[in-house]
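Notes to accompany the following structure.
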Amino acid sequence: MKIPYYPGCTLNTNAKDLQECAEFSAEALGFSMVEMPDWNCCGASLPLTANSAMGYAGPTNVLIGAKEEGQKEGLEDKLVTLCAVCYNVLKRTNYAFNKDAAKLDTINSLLESDYKGDTNVVHFLEVLRDDIGFDKVKESVSKELKGLKVAPYYGCFLLRPHEEVGLDDPYAPTIFEGLLKSLGCEVVDFSHKGECCGSYSAMSNAENAAECSFSVIDAAAAAGADVIATTCPLCQYNLDSKQAMMKKNHGDMKEMPIIYFTQLLSMALGKDIGKISFKSNSINPLPLLKEKGLV
Amino acid sequence: MSRVGVFVCHCGTNISATVDVAKVAEEMKNQPGVVYTEDYKFMCSSPGQGKLKEIIDEHKLDSVVIAACSPHMHEKTFRNAAEAAGLNSFKVEMANIREQCSWVHPDKAEGTVKSLDLTKKMIEKVRLNEELDKIVMPVTKKALVIGGGIAGIQAALDIAAAGTEVIIVEKDVTLGGHMIQLSETFPTLDCSQCIMTPKMVEASLNPNITIYTYAEVEALDGYVGNFRARIRRKAKSVVEEDCTGCGICQEKCPKKVDNPFEMGHGKSKAIAVPFPQAVPNVPVIDRDSCIYYKTGKCRICEKVCGPKCIDFDQQDEIVNVDIGAIVVATGYDTMPLDRFGEYGYGKYKDVIDGLTFERMASAAGFTEGEMKRPSDGKTPETVVFIQCVGSRDESKGVSYCSKICCMYSAKQTMLYKHKVHHGKAHVFYMDIRAGGKNYEEFVRRAIEEDDANYIRGRVSRVYEKGDKLIVKGADTLSGRPVTIEADMVVLATAMTARKGADKLAQTLGISYDRYNFFSESHPKLRPVETNTAGIFLAGACQAPKDVPETVAQASAAASKVLGLLSQETLKREPITAEVNEANCIACFDCLNICPYGAITSKGITDRDGNIIKEVAEVNPGVCQGCGLCNAACRSKTIELRGFKDNQIYAEINSLAV
Amino acid sequence: MHSGHEAAKDEYIEQIAELSGEDVSLCYQCGKCTAGCPMAEKMDLPPSMVMRYMQMEHSDELKKATSRWDCIGCLVCGSRCPKLCNPAAVMEALRQEDMRKGTRSEEIEKLPVNFVKNAPQQALVSGFRKYVP
Amino acid sequence: MSEEKVENKEVWTPRIIAYVCNWCTYGGADLAGTSRKTYDASVRVIKLPCTGRIDPLFLLKAFERGADSILVSGCHPGDCHYNTGNYHSRRRWTAFRDLLEFSGIDMRRIHFSWISAAEAVKWVDVVNDVSEKTKELGPYTEFQRINEKIKEYDGIFAEQG
Amino acid sequence: MESLQSKAKELIKDASVAVIIGYAAGTKKGKTKPFFAYSEEDCEKLIFTPECVNNLTIYLTRKFDFMKKGKVAIVAKGCDIKTINVLIQENQLKRDDVVILGVSCEGVVDKDVILDRAELTADLPEDKKSIKCITCDVNTPSDFDHLFGEGVESKAIEPMTGGIYDEVDKVRGMAQGEKWNFWMEHFERCIKCYACKKVCPLCYCDVCITEKNQPQWIETSAHERGNYAWNIKRAMDLSGRCTFCGECDRVCPAEIPLNLLNQEMAKLNYEAFDGYRAGYQTEEKPPFVSFKEDDDEGFIR
């Protein structure tokens, strides 16, 4: 199975870790992600205001590209993303089009295209759940991540707005949990799965971002997690890199590694720990993994 | 050629001052069909009426026009008088030359011209009036009450008190409905068991009241005064007549089940009564959980039962009853809470709904009235009450206000405070709706005396942290977010129509709104009637209501029923639609447009009984005479008696210039 | 039927309403948005108050307020609104108006250098909604 | 004869036919009387149970019979004695008005209103306004001309026997 | 058309229908006629060409007794299906009682057009099409039991625009007096032959209002007053029902533009009642036996 893959601005650069591990896992599970040629940025946030057509042009181009590429190369008729933000933007672009044909026309005339709003956007997690199946994943696990208490963190963009994104129940999601279980982790249920990490306010007001991120880590810790798994580079960055700052305001706080779900996945699927890059982790997870006897 | 008599009334000087009544009387002599005219001082006076009778008799009048006041004023008077003189009352018409002429047109010339027109107009109409007989229908002097909650019981008691037989059909195992679940009731804080149980017992002892519990109305036909209902009495697996209610079966039954009466908290048995004061106090085997029905073994209840009244093979029983009137009192449900993930109901044990709190607060409830939170039985020190959960919420719930939540939340804060003196209650509200006798005072008491902290705002999320529930809300008055660490959260859930209310409405042929609440016949003037004559509404099945309102409406419905059943026969104005079956081609526009479902399809059969033609048929008992069908009918095959097309045309033509 | 004459609306408010495409009259001030907003604590005018000021046409106070610059578009407000409003859209409209008028925007110079180096690009891209191009 | 009337303005008074429902507008008109409000005398009321009873052709008949204007009035939405009668008639009027307009009827001569039994004042205002407008318009001659013409035919036929 | 004929034979053969209502070559050049096939050899006469203008569904109504013969098969164009839908909606027909032999159709000829053989095979030029075909969006029937002719992609059209509706808009644009004269000139010609109602599949009353004299709804003599009343009454009764088969307009000897009246009504129903179009569904209640609480009442004070 070959699926057109849209990396977006971050995955080829600062979130390489996330991507490499995903690619490894895909191979291990018998499918591959084909990066679409000359893709452009999705805009990383859908315009909220009424008549801002431009904001849709970017994502639409991507969606069109994926469809063409898919047909040209005979790939699956979908588009897979790893980045929660891209996923959110692309999916909601389609939603907006299907709700408001006029919008679609405007964009089409803008891009001189005839897009129908029908490119099937899926997240890597969905491929694992729906195309591969968590049972199959479980079978393919060579190293069970026994005893590792993982808090699955969705953040905003996989779950909101529910009717537009609809990956999973916004308050009782199961997909992330399902995957982690199949890897043998001990899944920790915690209240802040869907709360915000502070997002891009990190750039203008680091303090604010840090506070948001802290509430998430705090909740996870309270629930007894050793580590938080994320799907989104920005969440990973905020939760991980701001812990020093958090300590200032919350002295008693204990450092917690923030790890990409694909890093766990590839570990479980037998990727040599030495080959797994933890560049983006300022809190090094290895000590913990050693302690748990996973390294 | 008809023989019309025309009487022009002076009404003292009320008419004669601005209308030349003599001239009117004089000119009407020349109208075709008119054989007698006269102007008279006071037609409505008894000499006036006497004269009317006299002339009818003397001149063999076959129709009469009284040019006087508004028909709304005296039409009945003159029709009765004419009837007394042996004239069919529908051969009398009035020309409104007072309210709509003499009083509004000061110019005598104009007034007279108009009076001439109006009188002429009615002469032309009355000549085409048909002799109509009032519709007479027999009345079955027995009532049916659907629902055995406070509404149904109250209605039944009031009807029975008048010596009229009444049947209560309750789908549950016992009477009592939701009210018997409540701990104490606002605004007086008297325990609902104490005020409800006596009513239940009274109903069960009243010789005029027959109670079918564990039963449902399956079908209804007939019309006002003459309904027939098919009732299914579900098999209880217990012979009701023989059971002494000793309770040994329940005691010995090995199969524990959740008790819905305790909102799934307390336990019950596979054979049980929901609560000790149940009426009737006869247990029922829940065949879905009973071991015997699963495995074919056990039968312990049968062994221990003294009067031997367990009957595992008992079948559902169908009872057909004839009744003259019906009170629908099926009550309400509360909205399922699974859709409110942000409040964590179902996920966190200590997030409960209002009814559960009632059971917790009730002395007979699953905690014997002690404040113990479900998760660990600890006494909650801080309780947050969230109002409008599902109410006034277009995105996840319903847009209407459930009306009772403001009051019962206030009540619950009091009950809580009275049991946990050091405890603190917070209430998140949007508006306090306390319109009602002593209601506002009651809420203030909760705030001022029982120290409830009222916060104007909604809650966005509830989540667990340690053994606390973190409640993230807002105070919109100060415009600040508010976070409260609570031990227990109580959700004031929206009141919704009963599940399946729409189906029942269809069975009964009454209308219901988009929320499946039953529709009253007129929002202001006929609040307990339905559009179906003879069927009345009581309680929350019509719209969210509290106990006092429900009881009031129940008594109102009862009085409507009694008014109806007090008559030997029902007489109705014969102003109803009639179908010319020869011409009807059954397009059923009339059937579709009729607001009362008075029109049905009828098959016309030949001698051997094969249907040769389908036509529309009007049920005169149900038809209210609006004439929608008449106007809708393309071939004018259905017409409204008293307002037939040729009568209207005659009026129009009479006004030709 | 037809309400005769409409009272003249405040220009700024009109502009924001149009930009955001939100009908603020729908808001009945339940405050659920403020309750859920991760930034509300920090805001001078949390979402519900912004909606209120829009309704009351307190345009001067709105112009002064800075909460829109604390908003991080997590969309919690809109996704939980019982009246299907979207305060985030109003916040965005207020921001855009600021930037069009040049009354305020985040200043690129102030961007922490190491952030630009290490942070995921997506942060910058989405963050730039607060910067004047 | 209508011709003479046209020539002789003083004699001509508009002929307005009002189709009203028994429960609301008729009551409102009565109330105008009981509260002694005066209004123009050119209106002639035809009482029906409900506006839903009014057949579109009634309006046409009225014009054929020389009406200069027509008023149709019933209960406000939601107040209908028969619950939905006025909703149905509202739809019927929507279509029929359109048809009349399309076929060249002078729509300034057809008026619709909701007047409750309490709205005596509204009744008075509406009636006065309708007759005011009708007076401005003068007699409705389109149908009268046809009527004249038909009379002539009939005359001719009569002569030929 | 083999397939149509063979299917027809099949139906007759296994007696699954009593009769097949279809078209056969007419006696006059360029005309076809309604044809009723009872036997297999009858079926060989069945044809379908752009000359098959008639709306045969009238034979399904109570005006004729075909339905009494048992199950009936009918050759129907997309536009004819609309009539069938209305008849079902109005309880005049049960879907199960009729086998629809749907024919896909790119338009039929206008009333005065005679085609020569050559043209018959070529596609029909717009200017020779019946006006109803200009705005047709059911070239392939929406409902059928068997479909014949290679499925034609139904045109996507903006409802109530173009074709007849441009004519309608022209009249709408006239001044009141103009309109009155326009129609009076037409109605003057009406001779009350009632061909319009005879040919209309939706004028199926056993006793027509024109036959009622208590009261005299429609004056019997043919003068403008009675003619106006009749044509208005008919347009009103077809409002929300007429499916624009155009038969009345086609057969009117006085050439009164009845399509104009009926399509004005159709357009009104579309504009005023949530885009309602008669004949596009059987479930929904027609506009005049239903209502919305918030229907427009701008014209009511």
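As written, the chain order gives the labels A, B, C, D and E, with residue 1 at the start of each chain.
By definition in this document, a contact is a pair of C-beta atoms (placed from the backbone, for glycine too) under 8 Å apart; a residue touches a chain by one contact, two chains touch by 3 or more.
Keep in mind that what you see is a predicted model, and the values were worked out from it rather than measured.
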item	value
Co-neighbours of chain C and chain A - touch as defined	B
Comparison of B-D and B-E by number of C-beta pairs in contact, larger one	B-D
For chain A paired with chain B, centre-to-centre distance based on mean C-alpha positions, whole Å	55
Averaged-CA centre spacing for the pair chain D and chain A, given as whole angstrom	71
For chain A paired with chain E, centre-to-centre distance based on mean C-alpha positions, whole Å	59
Computed distance of Cα centres, chain C from chain B, in Å	48
Per-residue overlap in chain E, given as positions that touch at least 2 other chains	217, 288-289, 297, 300-301
Residue list for chain D, restricted to those that touch at least two other chains	56, 78, 84, 88, 92
Shared interface positions of chain C, touching two or more other chains	76
Complex contacts: residues of chain A adjacent to chain B	169-172, 191-192, 219, 222
Chain A-touching residues of chain B, taken from the complex the two chains share	341-342, 344, 347, 463-466, 470
Complex contact set, residues of chain D against chain B	1-2, 5, 15, 17, 26-27, 29-34, 36-39, 41, 44-50, 52-56, 58, 61-62, 65-67, 78, 81-85, 88-89, 92, 124
Chain E residues touching chain B - in the complex, by the definition given at the top	62, 90-92, 204-209, 212, 214-217, 237, 285-286, 288-290
Touching residues (chain side chain C, partner chain A) in the complex	18-21, 38-39, 42, 69-70, 72-76, 78-79, 86, 88-89, 91-93, 96, 106, 110-112, 115, 118-127, 129-130
